[in-house]
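Before I ask anything, let me first share the structure, which is written out below as structure tokens.
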């Protein structure tokens, strides 16, 4: 909430279970290489179908983080 | 479904658990002061990140209700 | 992923339980009459409210399938 | 308003008279082959011009109907 | 056109007759409780279908009014 | 429908009566100075309110015409 | 250009060669089962990448056709 | 940043001086009757012209505030 | 606010100083050849960067004017 | 890239051959009457179908040019 | 199509020849530094004009790739 | 303006003073680690409110730069 500069990147997380786990997988992956993650925004919710059911949920998120001084 | 007039307002609900609970929290709050709530539409799904996980889910909904005669 | 042609249709699934079950209900219905379903994309998330709670979740999805040769 | 699944299709109705008659013509045509029409949404309003006047109104609507069990 | 502040609200009017009467019904309802209504903008045109005809026209409008000093 | 080039301009027509007359007024005005008008598309529907009623309907249209060889 | 009713469907064509061939493949496929195709509109242009090159172009088009009386 | 519920309203501020003062005027007006204002988002920037210059800047903002428990 | 017809054109103004001066430059240029300018709406805000600073601000505006009778 | 003012107009070019030739035809036509054309942006790609093939490609472009001092 | 996480970046490719070569140039450039490129989506098609012809085609694409475990 | 490939990234700059300084802060930060910055485009203008005034302006910009050969 101060005079920082933020950068946002776009990732797509996947999950066999559901929307929220797909989002968590994207954020977890981002946290492996980027520090200071702050917020996310969902921009697309999709998935792949097999045998009349959702096989994979795929959720695209913008993830914002603080650029360090 | 008759010749009523509807009004819609925009609220953002928060939850530590997930998308649906965040929506339910916004609707519950609206129902404390507004009668005749009828429908909602999700307009934005966001959240805050702490320690590589979603700390708060924040879902913005338009909520429609009937204006009484 | 080959030189197929895909068609997409738009369905709205309903559920008393939540977003994912509403999507699954739309896909299950589509699979009763259409073969080779491949993917879906969420285009709208709505619902009806009764007594200050979500009574029905209604999620609209585009569903894509391969047109057979 | 129950746990039905809805499908929506996109039609464009035409009329020499005006917007509402163009919409009615699209809905009437759809009702010849599809049962259980429930709602429509206008997505585009266009028309053709001849001699400085609107010759044809053309209104595109999404039309939703219940898929029977 | 002076240094006023305007507020806008979103209402949906209904009518059995047509688009314009649905808009008028929303504006009339708003004028019962809000003063200084100034303008409107159509944001959605929908309706319900019964027996192959439009049973109700439903038009959503943003309505702007001057906040008094 | 041949290899012509078309140009489109944006006009806003006004009317005390309704949406269609506002569109007709814009097209009539365009036809005073431009030849070969072919089609229009509605891009915005607004209006001004006085005494709880619509005083003026204002409809913005893109109007397309053939550029002569 | 008369008082017909048009329906539009959404197809995605694929091609190893380029955008226009992908569109042509979708239209050719549609023409196998639907008569009176009249127009198309591109709504999405995508593709798959292999070895640093476009392996498949995939173009999504809305295709409109006249509903016969 | 906790499990609060937020509401957002839409105001248009005016100013003879510029964009930022128009936004400040909307926020100041909102603060006269609403507590706990938290954020704003610009949704439209317009203005009126007189004698070849901007006479009034008009900026529309969504303003969010916490609903108290 | 009467039954006039308005036309809108799209210009992009440039300035080394800032957003508002870029808008003023577009309006000033338009006023050299068009009479009865009434309003503008910002549709895009861009700029060119040199040496880590904004070298030129470029703001695109729709400018509306009354067509004379 | 200097403090010029730019104007943009919207044209639709047609071609029997493809997308790029349709764009070139619009630009060539514009250059017959307007000087200092600088850039274009595609805003719509459509076409007419005859006998299961694209008969005409129609591409709409915004074309920008410098207003001379 | 498994539980991978994908990242997407936005590049603009240029070409004197046409749309497809501009896209290929962006993908080729990306492949020099990023592995596992999977798909692209066109988000903007523009170009620069010289002497009444397209001098450069510029196509902006989102390019998605798999983040390695 | 040549056959370069450009990449764009999305940053959010903050400022206590205003919109333009927030944009400059994002560009300055980007220039610390990226060479050949060329242009920016504003995609979102927001801010935080304290005591009935804007406490922080936050402007999100896409920033484009040339990828070196």
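Note that the chains take the letters A, B, C, D, E, F, G, H, I, J, K and L in the order they are written out, and that residue 1 is the start of every chain.
One rule holds in what follows: a residue touches a chain if its C-beta (ideal position, glycine included) is under 8 Å from a C-beta of that chain, and two chains touch if they have at least 3 such contacts.
Here the structure is a predicted model, which is why all the values come from computation and not from measurement.
Shared contact partners of subunit A and subunit J, listed by label: K.
As for how the two copies subunit I and subunit J face one another, under half of their interface residue numbers coincide.
Over half of the residue-numbered contact pairs at B-E are shared with one candidate from J-K, A-C or I-J, namely I-J.
Taking each chain's centre as the mean of its C-alpha atoms, subunit C lies 44 Å from subunit I.
Centre-to-centre separation of subunit G and subunit K, using mean CA positions: 22 Å. Subunit D and subunit I, compared by their mean Cα positions, are separated by 38 Å. The set of subunit H residues touching two or more other chains comprises 19, 48. Inter-chain contacts, as defined above, occur between A-B, A-C, A-K, A-L, B-C, B-E, B-H, C-D, C-G, D-E, D-F, D-G, E-F, E-H, F-I, F-J, G-J, G-K, H-I, H-L, I-J, I-L, J-K, K-L.
Taken in their complex, subunit D has these residues touching subunit E: 19-20, 23-24, 27-28, 30-31, 37-42, 63.
Per the touch definition, subunit F reaches subunit E in the complex via residues 18-19, 44-49, 51-54, 57.
Of all the residues in subunit J, the ones that touch subunit I in their complex are 1-8, 62, 64, 67.
Those residues of subunit D that touch subunit G in the complex are listed here as 9-16, 25-26, 29, 48, 56, 60.
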